[in-house]
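The structures considered in this document are given below.
One chain, chain A, links the two complexes that follow: it is found with chain B in the first and with chain C in the second.
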Partner chain A sequence: MFGGRDGAQKRFVAATMTPAIVYVAIFSLLPIVWAVALAFFDFSPRRTGTPFLGLGADNPFVGLQHFKNMFDFSADAPLEVQQFHIAVKTTLIFAFLVVPLNLAITLPLASMIESVGRRSRVLFRTVFFLPVLASSVGVAIIWGYVLHPQRGLLNALLTKLTEDVTIVSWVADPSMVVVGIPVALLAILTAYLWQDIGYNLVIFIAALQAIPDSVKDAALVDGASAWQRFRYVTLPLLKPAILLTSVLTMISAFQVFDLFQVMTRGGPDDQTRVLTLDIYENAFRYQRMGWAAAVSLVLFLIVFLISRVQARMLRVEWEY
Partner chain B sequence: MAVAVHRASSAHRAGKVALYAVLIVAGMLAALPFVWMITASFKTAEEIREFPPTFLPAEPTLDNFGTILGDPELPLITFYRNSAFVAVLNVASTLFTSSLLGYVLAKFSFRWRGAMFWFVIATMMIPTQVTMIPGYLILVQLGLLNNLWGLVLPSFFNAFGVFVMRQFMLSIPEDEIWSARVDGASEWRIYRSVVLPQLKPALATLGLLTFMFNWNSYLWPLIVLTEQDKRTLPIILYWYSNEHASQIQLVMAASILMVIPVLIVFAASQKWIVKGLTLTGAK
Partner chain C sequence: MRHTSRWLAAAAALVLLAGACTFGTETPTTEPTGSGTGSGSPVTLRLWSHRSPAFNGALKEAIAAYTAMHPEVTIELESFDYDSYIQTLQTALPAGTEADLLQMFGTWTCSYAGFLAPVPEDVSTTEAAHEAFYAAPIGGYTCDDTLYGFPHEFNIEYGATLVNTQIAETAGVDWEAGWDSWDAFRADALKMTDSVDGNVLRTGYHFTAADGLSYSFFSLLIEAGGSMLNEDGTAFTLDTPEAREAFSVLQAFVDDGVIDPVLFNDTENWVGDCYFEELCSMGLVGPWVVRDYEEGAPDVAAVTQYVPLPPYNGSSDFVADSGWGLTVSANSPAAQTAWDFIAFTTLDPANAAAFNLSSGSLPALVENGVGAVRDALVSEFPHFEPFFEVLPNGQYVGNLPDRDLLWYEIAYPHLLSGLQGNESVDEMLAAMEREANETFG
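So, the complex of A and B:
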């Protein structure tokens, strides 16, 4: 009797897990293994290879050549290698700017929104959260219009403020660079922050609401100023949430694609070429899929290492 | 004493006013790009070319919306249908596979269970950029390029969904499952009548997040769909904005028609979305 029940459970597990395993093998495991394999071949879908995944024959095995090329910093390195170097640099600048700027906006904003009445809180949260829900292509198009040289809002406001006709080409002028950072990259960064802050804002508001009132009241009774309460009471209690969101924010900053593809396509002069765009263009525009796969593994490695470092920081924090 | 209290409360009031002032200014700044888009869609072609540009339309017109709705090159209904087809099928399949596998991984013990769960988590960490190239080659082999099923089949199983459902299932007591077994219910029946009803709140949140993600998805549809009438809304919007780059009033009206209706639905259900994001750390 009990054995029969046990058999039914075994059959149920087999009936659900078998298709799942087959599916995962085809659509999750195979792509990962295939991507690693591609990185060692000079593969283009336009050429014919052997029947085995199209690898070999006209798509020859090149071993570690792609990875060796990545370290070719000479002036006559192939164009795709030079573009890869630009892409790594640009992606790192972008991601390392996004995190502190995002936190510098969302932390104070969240504590302000948390401290107002319930109705206003929902209203303000909605205003800042709306861009998170919107399609990023829509966001890119709206910002393209805000930054438009002749018809854009930003130049219109600057013209009004300076009482001088201001026509700045925010995303198309390669000569505009501020402390080594292209203005076009900063423009996309602004659009991305606008789109993304609502997400961390919501997380921080939830974390702030979880702090018991008694803790805040105690600081208030002790005569702490608003800044002291934020610095010595709220901030330490938010630390786990801050670490978690900075991990997630950084990981997603490394993978932003839509805004770059729609707003600049990597221009001007490759100044906004990030790794995601570099991989896409190599794979689907120039059909250099072997090289693109190798670059994608580099992106994975960067994201993986950063999440390991930050996970370690989180663990230390918990032990403490 | 009374004076001190009065002073404290007026300082408090001044603080409150400053707080609201800062929030209102910040909120207006955040809303400004949306407002800029909306006002532009009501401007005439002449007004949009003025320099410096006007903020509010001098003679508001609905012509831009008429032009877009009457444009034979832009059959909006087709594109809405394409987007809805992909989003609805992906929500249905994700809810089904995530709840079923989450249940099995949480409540049954079998060989390789730990390895399976570990693998599910590992696949969540792999960037799209790594799997999209082989993913594309697989679709070519399956003959699903330029086919909306090419956006559905690869996401039939969603690692994030399985993870969320498995975590949620762990907190659900097993008494009811066992008493249903004693009553002689089949395992599928238990899944359907005992497990699924308890997962309802989690399913609602996961469904909304999946819908939103698919509705706004850009990169994968861009790779898979190259024929115009097969495309989903974000790709069409990008195409239209390039095609009519000199007529911003039309591009903005098109953006409104393609982005705003669903945005309102998302905003109305943001309570659930926020709950999902804060509980799971999904991004």
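So, the complex of A and C:
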């Protein structure tokens, strides 16, 4: 079957690829297939199913029932459905805030870092990248100290500035809302941006360095101002990098779990309950694995669709 | 290349198929060659437990004592951190790959009853077990009058409160006298509260963490003469006058300024952190918390005492949810030996007492709640003393459809929201009852 030179090549390909394929099949494909299957069952590992994978019997097949339930918007919808609606809304708000804010911070910052001297550039790049290396749980704990009502740095600073004792619960007061967005969610958003901007910064710096000087020089010769050079030359040429960072940032924003789990555990009053937390709690805390699998499929669909839209909107037809 | 692709696809399909086939296969967890003790044939048992230095140490001592008497038996202890243990049980039990001996928290037992072996009559009858153990801990191991294991300990989160005696004495509170009413308790808690311009810097009494708030509400509810469930246990009865009365007792602490439930709850200033950072003068949490924090905050631990909570409506009854104990897998091929070990470490008063002394847990056996064992435990763990008085008052919370869901997703969020003024009492109780009843499915 694999004889001759061509056969040797095939054997080499098979030998080198098989471990990777096996690895992916066991740890990625199998769980995905299992999750998709579970979404159509009312499955709880606490209940006894049939000998075939524990499905059936007390873990009955429910078809599309989980997905139908997701569209129950009545006031007396089951708790998990109400929490799912909250989680979808919170996740979308979080993700759609993260992407523009991240880009609004990292793009100008990258331009500024790129414009300074070589030594300073390395220093700034390192400083801004350092939080990326920190563990998310550590970041959550650090921000917990900053935002602590009685002993937090932020309230201490406000007390100093206002000369009034300021005790604000930044992550646990459900009545604190700014333009419809809970302050607790904004607090987590701040912590997330602080940790995450380093990635995009590095990508943008690399993209800026890849823009040929001749293009910028031509704009300069044509009399373009600094803003015009950025707006009409740099920014369009950064489109592929913007596409990459916005897609990656959007996907990672949908997947944030640890900051929410450590800083608020979904509170106050479910105001920071995101889909990842909702899936975790339903699957592993309350053993509603069928429902959790259905929610995880919805999360996948949301991320997939948004990524496709982003890719279409930011597609470029040229290279330089 | 087409052949290679096909070959790789076939390999992947085989792996998927193999994975799917092995998922439901029951893998023997032991290799017994004998049926149990006394036969002289070697028997190996696996024991799974949650990871806790104190409990694991006590289990190892129990295993050492048992295997010294039964040299033919080997018991291999495997422990998992708490979250991993829950997930391991959830996946291993349906797959039939669990250990022979499974440490369970009482309230979990009935959820997994389909995978567990009932206690053989020659080990104990249900009636005998209910006489030997306190009602709350053994209640968790009894499902529809069938016994599935025995508790090692009485888990308690209510009945007595942490008191920082230094703060109490500075505030002029005679904590040693205790309290005979909730009004007197609240008045002293207010004295121990430190506020500036209406901002609570240090609360006098922190009861608004998830466990504290749920236990307080449900305990006051039964003390007020109400009941969590209807008579046949098929529905929750939480929207009742007794529930309103119970909530009003808790609301009074907020109204009087003893606590601000926005600043002190489960995520902000959790009671253990709060108490040992001296942001709480008193706090409602079980005695295990002292062992966890005393190394980091020895000064606070040195001035800490537990004082019984006052009775309400003449009653000191409270809801309790069992405790850690041992069960046997229905798949275990060495069940007889497994039950023999469980009887050795939980039913024998001397061995059960040794476990409690080693793990620093309260006894589940009634016999060990009095007399010499009680004295030995109190001399080793002085914080246990007030709890011994209330153990007989513990009422098992009942085999709820999902205790954690009720506690953490239904009762706690609504009660906290009610205390914070975001839900009216009527809305709160109606929503709690409706959502709690949904858990019956």
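Simple rule for what comes next: the second predicted complex is superposed on the first by the 279 of 320 C-alpha atoms of A that agree within 3 Å, B and C clash if a C-alpha of one lies under 4 Å from a C-alpha of the other, contacts with A are read in each partner's own complex, and residues count from 1 in each chain.
Criterion: a contact is a pair of C-beta atoms (placed from the backbone, for glycine too) under 8 Å apart; a residue touches a chain by one contact, two chains touch by 3 or more.
On a predicted model such as this, the values are computed, not experimentally measured, just so you know.
Chemist: Touching A:49, do we find chain B (first), chain C (second), both, or neither?
Modeler: In the superposition, A:49 contacts chain C only.
Chemist: Identify which of chain B and chain C touches the larger number of residues of chain A.
Modeler: Partner touching more chain A residues in the overlay: B.
Chemist: Classify the contacts of A:26 with the two partner chains as first (chain B alone), second (chain C alone), both, or neither.
Modeler: After superposing on A, A:26 lies in contact with both chain B and chain C.
Chemist: Using the superposition on chain A described above, determine whether A:284 touches chain B (first), chain C (second), both, or neither.
Modeler: Touch partners of A:284: chain B and chain C.
Chemist: Is A:16 contacted by the first partner chain B, the second partner chain C, both or neither?
Modeler: In the superposition, A:16 contacts chain B only.
Chemist: Once the shared chain is lined up, is A:150 touching chain B (first), chain C (second), both, or neither of them?
Modeler: Both partners, chain B and chain C.
Chemist: Can A:60 be said to touch chain B (first), chain C (second), both, or neither?
Modeler: In the superposed model, A:60 contacts neither chain B nor chain C.
Chemist: Take the contacts of chain A with chain B and those with chain C, and give the residues found in both.
Modeler: 10, 13, 17, 21, 24, 26, 29-30, 45, 53-54, 150-151, 165, 284, 289
Chemist: Write out the stretch or stretches of chain C touching chain A in their complex.
Modeler: Its residues touching chain A are 3-4, 7-8, 11-12, 15-16, 19-20, 23-24, 83, 86-87, 89-91, 93-95, 111-112, 114-115, 196-197, 199-201, 262-263, 265-269, 277, 279, 402, 404-405, 408-410, 413, 417, 420, 422, 434-435, 438.
Chemist: Could you list, by residue number, the parts of chain A that touch chain C in their complex?
Modeler: 1-2, 10, 13-14, 17-18, 21-22, 24-26, 29-30, 33, 45-49, 51-54, 58, 76, 78-79, 83, 149-151, 164-165, 167, 169, 171-175, 263-265, 267-270, 281, 284-287, 289
Chemist: Give the list of chain A residues in touch with chain B in this complex.
Modeler: Going by the criterion above, the answer is residues 5, 8-13, 16-17, 20-21, 23-24, 26-32, 34-35, 38, 45, 53-54, 109, 112-113, 115-116, 120, 124-131, 133-138, 141-146, 148, 150-153, 155-156, 159-160, 165, 194, 199, 202-203, 206, 226, 244, 248-249, 251-252, 254-255, 257-258, 261-262, 275-276, 279-280, 283-284, 289, 292-293, 296-297, 299-300, 303-304, 307.
Chemist: Would you mind writing out the residues of chain B in touch with chain A in their complex?
Modeler: Listed in rising order, the residues of chain B that touch chain A are 15, 19-20, 22-23, 26-27, 30-34, 36-37, 40, 48-49, 51-53, 55, 97, 100-101, 104, 108, 110, 116, 119, 123, 125-138, 140, 153-154, 156-157, 159, 181, 186-188, 212, 215-216, 218-219, 222-223, 233-235, 237-238, 241, 248, 251-252, 255, 258-259, 263, 266-267, 270, 273-274, 277-278, 281, 283.
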